[in-house]
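Naming follows writing order (A, B, C and D), and every chain is counted from residue 1.
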Amino acid sequence: MTQRGLKITTIGGGSSYTPELIEGFINRCQDLPVKDIWLLDIEAGRQKLKIVSDLASRMVERSGVDLKIHATLDREEALKDADFVTTQFRVGLLDARIRDERIPLKYHKIGQETTGAGGFAKALRSVPVILDICRDMERLCPDAWLVNFANPSGLLTEAVLNHTSIKAIGLCNCPINMIHDLAQRFQVDSKEIYCDFVGINHLIWVQKVLLHGRDVTSQAVDLFSGSSAKEVMANIPEIHFDPEFLKSLGMIPVSYLKYYYMQPEMLADCIQASETVGVRGEVVKKVEDELFELYKDPELNIKPQQLAGRGGARYSDAACSLIDSIYNNKEDIQVVNVLSQGTNLDLPYNAVIERNCVINGNGAHPITIGHTPLKIRGLLQIVKAYEQLTIQAAVTGDYDAALQALTIHPLVGSADVARCILDDIIEQNKEYLPLFHTR
Amino acid sequence: MTQRGLKITTIGGGSSYTPELIEGFINRCQDLPVKDIWLLDIEAGRQKLKIVSDLASRMVERSGVDLKIHATLDREEALKDADFVTTQFRVGLLDARIRDERIPLKYHKIGQETTGAGGFAKALRSVPVILDICRDMERLCPDAWLVNFANPSGLLTEAVLNHTSIKAIGLCNCPINMIHDLAQRFQVDSKEIYCDFVGINHLIWVQKVLLHGRDVTSQAVDLFSGSSAKEVMANIPEIHFDPEFLKSLGMIPVSYLKYYYMQPEMLADCIQASETVGVRGEVVKKVEDELFELYKDPELNIKPQQLAGRGGARYSDAACSLIDSIYNNKEDIQVVNVLSQGTNLDLPYNAVIERNCVINGNGAHPITIGHTPLKIRGLLQIVKAYEQLTIQAAVTGDYDAALQALTIHPLVGSADVARCILDDIIEQNKEYLPLFHTR
Amino acid sequence: MTQRGLKITTIGGGSSYTPELIEGFINRCQDLPVKDIWLLDIEAGRQKLKIVSDLASRMVERSGVDLKIHATLDREEALKDADFVTTQFRVGLLDARIRDERIPLKYHKIGQETTGAGGFAKALRSVPVILDICRDMERLCPDAWLVNFANPSGLLTEAVLNHTSIKAIGLCNCPINMIHDLAQRFQVDSKEIYCDFVGINHLIWVQKVLLHGRDVTSQAVDLFSGSSAKEVMANIPEIHFDPEFLKSLGMIPVSYLKYYYMQPEMLADCIQASETVGVRGEVVKKVEDELFELYKDPELNIKPQQLAGRGGARYSDAACSLIDSIYNNKEDIQVVNVLSQGTNLDLPYNAVIERNCVINGNGAHPITIGHTPLKIRGLLQIVKAYEQLTIQAAVTGDYDAALQALTIHPLVGSADVARCILDDIIEQNKEYLPLFHTR
Amino acid sequence: MTQRGLKITTIGGGSSYTPELIEGFINRCQDLPVKDIWLLDIEAGRQKLKIVSDLASRMVERSGVDLKIHATLDREEALKDADFVTTQFRVGLLDARIRDERIPLKYHKIGQETTGAGGFAKALRSVPVILDICRDMERLCPDAWLVNFANPSGLLTEAVLNHTSIKAIGLCNCPINMIHDLAQRFQVDSKEIYCDFVGINHLIWVQKVLLHGRDVTSQAVDLFSGSSAKEVMANIPEIHFDPEFLKSLGMIPVSYLKYYYMQPEMLADCIQASETVGVRGEVVKKVEDELFELYKDPELNIKPQQLAGRGGARYSDAACSLIDSIYNNKEDIQVVNVLSQGTNLDLPYNAVIERNCVINGNGAHPITIGHTPLKIRGLLQIVKAYEQLTIQAAVTGDYDAALQALTIHPLVGSADVARCILDDIIEQNKEYLPLFHTR
């Protein structure tokens, strides 16, 4: 901690999400003495960084909080002596995302930003970058906490925790959104609901729901099945799970599980969208452009409402909340990404899982799971194997590991298609994947 | 052991495979004092049983061996005091198999006898039958060894080992066929080759090949890729693995893995066959009819050559060889299906695996594997989870477990399709699945 | 919950500890609507039960709280529809304890109530009793929580959790006393200290100490070594750990670990005490007599100060606090005895461990440990193996398991001595061990 | 393999055991084409090396086998391109052993060469030496097999396998001696008996005995108890296990387990011996002197009978037999020390265990154990924890690890005594333990 108070560094500071983060710190200023927020970005993001940091400064000014916004392209000064580093970068920007989403569609496979072949491409690009950041952190701020919400969040966090000495915690807004959604269905406050999560990032289930401590899981499954509540995740099509299927599952799956349980329907939807409104990356690009137009307005000094529709709702708030609990040693429970170390006995010891954790000044401490219910175990295990192969490929440039990773992914499931997609990914991401060559 | 010598009981004794089994015992008569072979079948198989047992008797007579063939429909007398019980029954006969293969095709999914939705249907029908046999064995011959080669062999063996007190070992001809195939490629005798197998029945890989004790795995992968050798398994289409893919895998997969690694190609082949020559069950039905015509010939007193083309080559010989090693305490190594109990650390303790085992008078003792290579781990785990859910469903009639089992199977991968197939299976197998009802 | 509020049943209600329990419920009456406390005892304890329940009634009356004390010898009415059952019985009363402590001394081995050969005898007597209680609970109050603090607490809880369907949580006052002791050494409130406990009941270490969330373990070890603070546990001799040894351990051991780390010194002390003031059971007997004299005083209507010196300080308060957190779904952290289920990867899945747990309306949920530090792992494992053999012996009357349990206990360590002690225990506890016979 | 044939290097070649090794290779010359045996020793052993290598050369000459004996003090030329390296060195020679045995006795603890505090001292001295040898092997003969029978054999093998890339297998003569002893009791040939071993070096049990494949364990326990057969291990006092105790154990313990199960009796015997005939090292020293006198005889050209009484009977033969099975890819079963990797689920993955293994050209492959019987699990676990702490101490010079290792050893069991012994060991082994300092 600097003398003035906490120094927070945000990698990918020019992101459209930043205002939510700033708002989060402003709202918590009583308990969380953040004094310096360093927004770091790369040359290609210089313009956005300017727009965002100016808005951030206006927000701070309006709030009257003693907090200073710094915008920089210099990683060295940004990381030096930071207390917390948050990551929200996107390697290759939205154009890379659009490619990630379009390539698999060419081979009649689901193209999604974080899941399947699209998420695989994103992982290959992002792992080297986050490891590079952590190497700098080891030198410049070895005791800082890394709060990662760059995607694929669990996979990147696992890469960091197994290949560097940095203390990292991965975040996703899915768990918190699911809790809020369930609370709404039960018509209670989200604090009255406790969801016991099992799984890994974007492949997670609520295996038990407690209302005031009593088990209401089967009622929750009914409420979840019956209602046509608004989709929890803005970026996922509103196709609903079969109620009979949900009952047989007896748990509540994250929206991303539609890609696995309803692969044909979701693929059809992806294809149709790509041919009409465009893939999600293309949609988002427009939303972003509009957001940045708004952000430019020198009169704007609050987080604009429109940001809520962007898809990452509650992400930044989850980050602030996590930082708050660490700094203030709160001993509350949050659902974050940490090393399993036996928490889930059906995944490797060194696997990162998404799990209810006690958060205190010493970090995030997962609550024991034991064995995973058989109904979800196999899916978890195969996707984790895919993730570990992908990390291995990304770290070493091992084409064989990459090909096998993609082949066994349940959303690919074909050696031949995997090879075509992999070569296409390598071809189209040349500048980001210097270690790889097609065969 | 009876006073005369060993009593062997074969359940499904009227099968066309029986002559190979008889030949196996005749050939081993010096070391293995089999005195009574009881061929047991059900009323519906009475006629085939007669044909087969008559041929068997003629074979024995010709050999001059002191061995008696008994044909019976009475399970009680067949099992009473047996030393070894072998199982080769097929619940619902070939007609059920044909349905198993045709139902999934209606929903554009692979229809295969032992794998995917077809194997699932077969498992639901067969688990209760084999458990019922074992209940009788517990009473009539509690110390007998059960040598199971009814399919799905690993899954049925797991059901027996976890739900009864019977000592069971599961058999498959895939490992022995793969060893012979590799020996041929290296142009050596099969005894000179050692294959280290990892996996479960019909989902197995050779992770290491030794020639005279030296590691020649990568050479073996090359030989396996390059050559257009005759398909190892007669029942699996001759579509070849991509050599580049095999190299990236670095192991030799069993032919059944084509259904997973080349799902689109194999599905296309299944569909095409079903529309031309018929599904495999239909083809086999004709082969069987021809075989039984041959068997009827009162002049025939040897195993006819044509049986080799039937698909189950070396099955019965593997059974005789296993019985020989147990009876004679041989301490040799055979690849069989046994409880893992930690042999493969990435599968449950109570899972049945297919593995190199030391065979002695005390049974089959697997050689430690440790952790499975990451490249194959996920697939193994998800299919084992499918198997364990299927056993649970078959034992209890739990529709929910059945639906989840089918949904997560990599050859189904859709909750909606799974439900359609499941209901179709239940509908078309009413008489064999009294515990189940569609929803 | 009855219509009036919670029904609490206390087995061994005539214990001298009961006033602390009553006080605990009175103090929490705002949040915890206990309406009926049933004090259950056996015929032999009728008189003490009368004294204690009269005092309890006077305490309640004085407090003005709407709560009723019931004294009974009828287990049926005591357990019927209970919400929480607490256990503080002592099979064979203090006379049995005195025998437990004296028998090992005859063979030059440590005689301690809960540890070593003494605790072994107590376990053999107590396991059948607690299982019998739980059988009744399964019938009369299947949803009640069992809060066990009868000793050996972890071992009895493990017996219950593995042999009945009752939801049980084991309690001990060691962890809470250790936290208070450390807080005192740091001169802070106990709420400001967080101790990360690893181990099993009476064999536990603080592996990490946090002060306001910061790791201060090595400072804690220094404070713990240096100071001559009053012994944490009243029943354990004040012999101090060697500071050099503590530094090399790097953790803070529970006082009971003196029996293991300082066996010769502790044995000498036991022997000396037994020849002068008497074994602990004899000392306690006098204290108890004095306490009951006090309790008889019809003017006494509060918990007398003298109870604090009895040895079980904070036991009953820990129980009230646990019940409070379950009932009120508090999600706070308490250190209790629960099934490991992988929490500690070096102990069996079904082992009960003592561990920091999140307490909510659904029970106690342990925080993952992963692997145990090597320095303490072996001791933990051998004592847990001893415990599991002892449970097996107590449940089945298996002399062989009993003999092996005692032989491997680190405080016995001799097959010959184990046999002498075991036969002596069986001989002197005939009426409590009907399943056992000496050889 | 050199052009001439196999090159074998024996570290500690001047040992009195060498003639048995030479005899073993001569006897196997038909199947095992050993052409060069390099006997390596250090300056202090120059004289003995001369005596032994001369005898070896005479033995070879007499046999007429084409094999050359080389004696050298130059490790470089000895290791260069070796095919197999065997280790039988003793750091500090017999004088160090005598100190190891005498130091613990000063503190009333068992002083034994490989077990307890004595074995601990030996381990501290030997680990750095064997690692140093392996560093040279990595450079000079990276593909050679290391066949270690330097003691403590399991511990040293574990150090090698976890800290170097050398393929090592540890050997002990206990298993083979136990098999021979049991065969004698059953009056059959040792080939007819199969013993299923569970444990680690010098802490091993036969959990199952098969005679011609049938389970005769309980009969074996009876035979083992009843008879007053000559002690299996020459170096262990003939004090017999209590038959009642053995029956309750239901397994056959190695002689070294007397130190654990009969600690008081064995200690008394150690003390008495030390005061009369001397500790074992002193006795051996005389035997050795006599042996070397014999060896000097230029007429002697066979292994003298007297060597059999030396204590390490069948050690060297076990080594030849192991080398034979590796070289000839025999696929037979031998009991050796290998990494567990899950073979024994109650020990760490990286622990070395002593276990029935299939030996082929690819090494030693352990047969799965699963979970260890509860009766022996705890002892195994605590001694393995001691071993792993000791390796850690020996590798790094970590005094704290050393002190904790010794403290938890069941034959020490006192922090105070451990510290005295440790400081005494460090003081008396200064020249061999440069990393350590007393405190």
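The working rule: a residue touches a chain if its C-beta (ideal position, glycine included) is under 8 Å from a C-beta of that chain, and two chains touch if they have at least 3 such contacts.
Bear in mind the structure is a predicted one, so any value in this text is a computation, not a measurement.
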Contact-graph separation of chain A and chain D, given in steps at minimum: 2
Remotest chain, chain A as reference, centres from CA atoms: D
Whole-Å gap separating chain B and chain C, where each centre is the average of the chain's CA atoms: 54
Gap in Å, rounded to a whole number, between the CA centres of chain B and chain A: 45
Chain D, residues touching no fewer than two other chains: none
Pairs of chains satisfying the touch condition: A-B, A-C, B-D, C-D
Partner chain B, residues of chain A touching it in the complex: 241-242, 244-245, 247-250, 260-265, 346, 374-375, 377-379, 381-386, 388-389, 392, 399-401, 403-404, 407-408, 410, 413-417, 419, 439
Residue numbers on chain D that touch chain B, as the complex places them: 194, 208, 210, 212-215, 326, 328-329, 331-333, 340-343, 345, 349, 358, 360-362, 365-371
